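Below are the structure tokens for one structure; questions will follow.
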């Protein structure tokens, strides 16, 4: 009973979130519009400049590793964090029994 | 009307996907299912982002044709190449999603070791017993 | 107002006992004499600093010291004017006898937690001086709140059930009051854009009458809790579980007086007589406190516990002070403000006596005091003097303030208030004189010693001194500390001319 | 050197984190000095950056030399300078104080612990320093992931609490990312300063509205604003003590910082007032948060859990200050971010010290603790008084500005809620202080004239590495109070939008 009640609440919340997101699409530029703000404000410069400035024909690589290289540093830090987290949680220390002091 | 739907439908599909994932995260009682929901949610956001960068027409992947030093066969036209930025962002987001999944799986291992189950209701029941045992003591 | 002197003296007056408080805590139980030495030293230094401020203030100057700017128009600021100085002088002067007396009291009774006791005591005094010298409402509130907290360890000192309950009640009342004040001060600031005390008030011309009346109610309720105005007095008798010197300090010098001081500050220096006349609320205010005066007097009659009886007498007298000020006439104001000082000297004597009796004989009920006057003649003589003073009998100082109060009541043409003041004096007689009668004239109880057997000298001398000063100030109100001149100056500051 | 100062704020702890496992491989005992040394760098650099901001105004730093809308930029203004110093200082103190807690809960995994701690601080610093919306997301994930790892290593129940935190936290971060996506779609930019100039023309676009809604919801989840707080009490209660001391005060405050950034820098203030009624909604949510947080805290007997519920109420304070949308309110909110971080940090440190000494966390375990741990309990009393808003501790001053803000906005319910909450705090803390300082009531032997025959209770104070940070934080709590005017004068008043 409670379970279903909880699911109902989730369903309502999810529906509302989805409705809000779809409501937001109303004012969006059409899909694939080459003149949409996203395609015309910052990114053209990458396409036009990237080869001269970074000597890389692959613009995605140029942006990833140069213009926004700092994001990429963060990205590697994220992976590093995750690996250390997993290590931290799962490594067993000798001389300490698993589940010691726990139920 | 049809034009409107054609202009928006793919955003809607991603939103629906997102909501499937979100519902799994909130409504499911099995922890692995929650995690799968999380992956669906994140993946659909990635798809959503990537679709922002699409340009209708002849646009192609943002790898320049030419010698790599700006002296291409023809002048670079912005409309010829897809918007590279969303792709870049999503490369990072994919990594983030994988990392989160990894840590979540690690906690799931801990949870399973401790409770021998991944059903939230059963875990709650076990914890309730444990705490009432503690207070009796 | 005249010339302004910028000097750090007010700050030092506050800091000296705060520093002493921490030295006391660090010294601890191991070196008792050194610890008590800090108390006495701080008390003396504080008195010297405060005393040195009297002369410039009487010359019409104001001493100012800004610590830190907090808001545009509001600073953490000390400003010593005549009214603040009066409270400051009273607190600083009475701390000296109280510290000696405290030492005697705690050592005689071998109390626990003495370091905590002296620490809190010194903190109380610091914040009381801070309240006195605060230059604006926010600074006042800051020290007022510190005072609230610093008093709590004293109230719960005995750590038994009634003490803890009393402490809880005390905290609930005073912290709620503090919150009310914070809100009221916030509203005041958003109305007037300043919080600096100004003789004659600074709120005139701001806000609607309805809001101003609400504000006044909040202020009086906020400060009135500590001052024990009637619907909010409940905590005071409960807090009587504290050790007697604490009660003396609480009721005579620091805590409740800080409440009264705050009320008077708000009435005279925030709202101002003119605004209150305009709003037409002064009669209501005076009516409320007059009610407190009479009812507290009647309730005191019914108390057998000596300290509770004194507590109700305190409520009665504090209400009398506020009554005098809220009558808004010159003489009533003079009487009310002067009564702050006079009541302090008399009430501290009474509590000292109660404490001396308790320390010596462990008696704390009025009905147990039969014949004790023969065993403890000095204590009872001092008690008699102070009781006479509170009942308004010359030549003790209480007579002067009551005289001015009566004059003021006549000035306002509201004879009812004259009756209230006179009734209160008669009630004072009614609840004090049975004690004196019991002590001197009733057949001694079997356990009363036949010969003179006083409490330790360190307790008896302070109480004799305060009693003596009560008489001296009754005959020469301007002796030593220039109380009367200070009061006159304070009233002039408010009314102008 | 001084030009490159901002870069050191992030790079030092990040590289330090990369190297920590290498050092810990062979020399495990060197991890701690290494981490402390590394953490001193961002503190120094952040202090320098703040001074520079105070002297010559906000400045940017282009990473890799790429101009802002194309590259990523650091943007240090008064608000972020203040936050950087706060995070770096609390991070350093937390690292110093972590030692006893590690020997208790995390023995043998020092290297991993310090790596995650450094990454956590890197993430928090990065969120604050960067001027790029997507970069904020990356750092948010660094801090979240390291937080998940650290919290899951706690007592029984921690993995479950962490899993809930991961799910809800990911929803929050993803909502934030969706917000970025919507904004990017409508504007084509990711740089905050650039967006701030583009956005005002688009305020009535539904894309922007939805983007804003998702931003706020995502951030509200991260800061634990009332209906979205469900992950918080479990996660912070079950986390190891040094971890809760590090994450609990900072994560919520950084999220609050993000909320201020979004509402006042990214968008113009009147967007949240006139275009969408977000301010009103947030205000009432904060009222509920304060009341519910207070009542739930009253119901707890475990002090650590109690503090987490108090945190929910304190988040309500900050949001209330933001929602009244005027100068004193926002000043109070920013001041409260600083004050509350210090107070919550100090409370968790004290809880850590008490647990380290083997005392339980239930209120009845506090019996006689003043004799065993006098310094710790003195710090506790001062922090408690600050939480109740007793001057001169810092809590009073932020409360004062918050109340001025609510009065200026004529929101009387808000003002009364604030006051009621400080009374609730007084009850919460005085019941513990009574327990700790007063003799037990039921012993009965407490006659009036007992002759020093109380049982002698040996002093048993926490180790210096824990006690000294506690005392430093307590001193900061007291000093921040009277000097709040100075902080506002130098820093916070410039952080408040000029239109207020």
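By letter and in written order, the chains are A, B, C and D; residue numbering begins at 1 in each of them.
By our rule, a residue touches a chain if its C-beta (ideal position, glycine included) is under 8 Å from a C-beta of that chain, and two chains touch if they have at least 3 such contacts.
Only a predicted model underlies this, so the values are computations on that prediction, with no experimental measurement involved.
Quick one: remove subunit D in your head and tell me the pieces the remaining chains form.
Once subunit D drops out of the picture, we get A, B | C.
Whole-Å distance, subunit C centre to subunit D centre, using C-alpha means?
The answer is 43 Å.
Find the geometric centre of each of subunit A and subunit C from their Cα atoms only, then give the gap between the two centres in Å, rounded to an integer.
Subunit A and subunit C have C-alpha centres separated by 66 Å.
Which whole number of Å gives the spacing of the CA centres of subunit A and subunit B?
Centre-to-centre distance between subunit A and subunit B: 7 Å.
Report the inter-centroid distance (CA atoms only) between subunit B and subunit C in whole Å.
Once rounded, the distance between the two centres reads 69 Å.
Where does subunit B touch two or more other chains at once, residue-wise?
Touching at least two other chains: 18, 22, 52, 85-86, 89, 92, 96, 99-100, 103, 106-107, 110, 114, 130.
Going through subunit C residue by residue, note those that touch at least 2 other chains and give them in order.
In subunit C, no residue touches at least two other chains, as defined above.
Where in subunit A do residues touch two or more other chains at once?
21, 25-26, 28, 36, 38-40, 42-43, 46, 68, 71, 74-75, 78, 81-82, 85-86, 89, 102-103
Which pairs of chains touch each other in this structure?
A-B, A-D, B-D, C-D
Of all residues in subunit C, which touch subunit D in the complex?
The contact residues of subunit C facing subunit D are 67-71, 75-76, 109-110, 112, 138, 141-143, 145-146, 148-149, 153, 156, 158-161, 164, 167-168, 171-172, 175-176, 178-180, 182-183, 186-187, 189-190.
Which positions of subunit B touch subunit D when the two form their complex?
Against subunit D, the touching part of subunit B is residues 18, 22, 25, 31, 34, 38, 41-42, 45, 48-49, 52, 85-86, 89, 92-93, 96, 99-100, 103-104, 106-108, 110-111, 114, 123, 127, 130.
Under the definition above, what is the set of subunit A residues touching subunit D in their complex?
Within the complex, subunit A contacts subunit D at residues 20-21, 23-29, 36-43, 45-46, 66-71, 73-75, 77-78, 80-82, 84-89, 91, 93-96, 102-103.
Quick check: in the complex, which residue numbers of subunit D touch subunit C?
385, 388-392, 396-397, 399-400, 403-404, 407-408, 415-416, 419-420, 422-423, 426, 430, 434, 437-439, 441, 446, 448-452, 454, 482-486, 489
Spell out the part of subunit D that touches subunit A in their complex, as residue ranges.
Residue positions touching the partner: 14, 17-18, 21, 63-64, 66, 69-72, 107-109, 112-113, 115-116, 119, 122, 126, 134-135, 138-139, 141-142, 145-146, 148-150, 152-153, 155-156, 159, 178, 182, 184-190, 198, 205-207, 209-211, 213.
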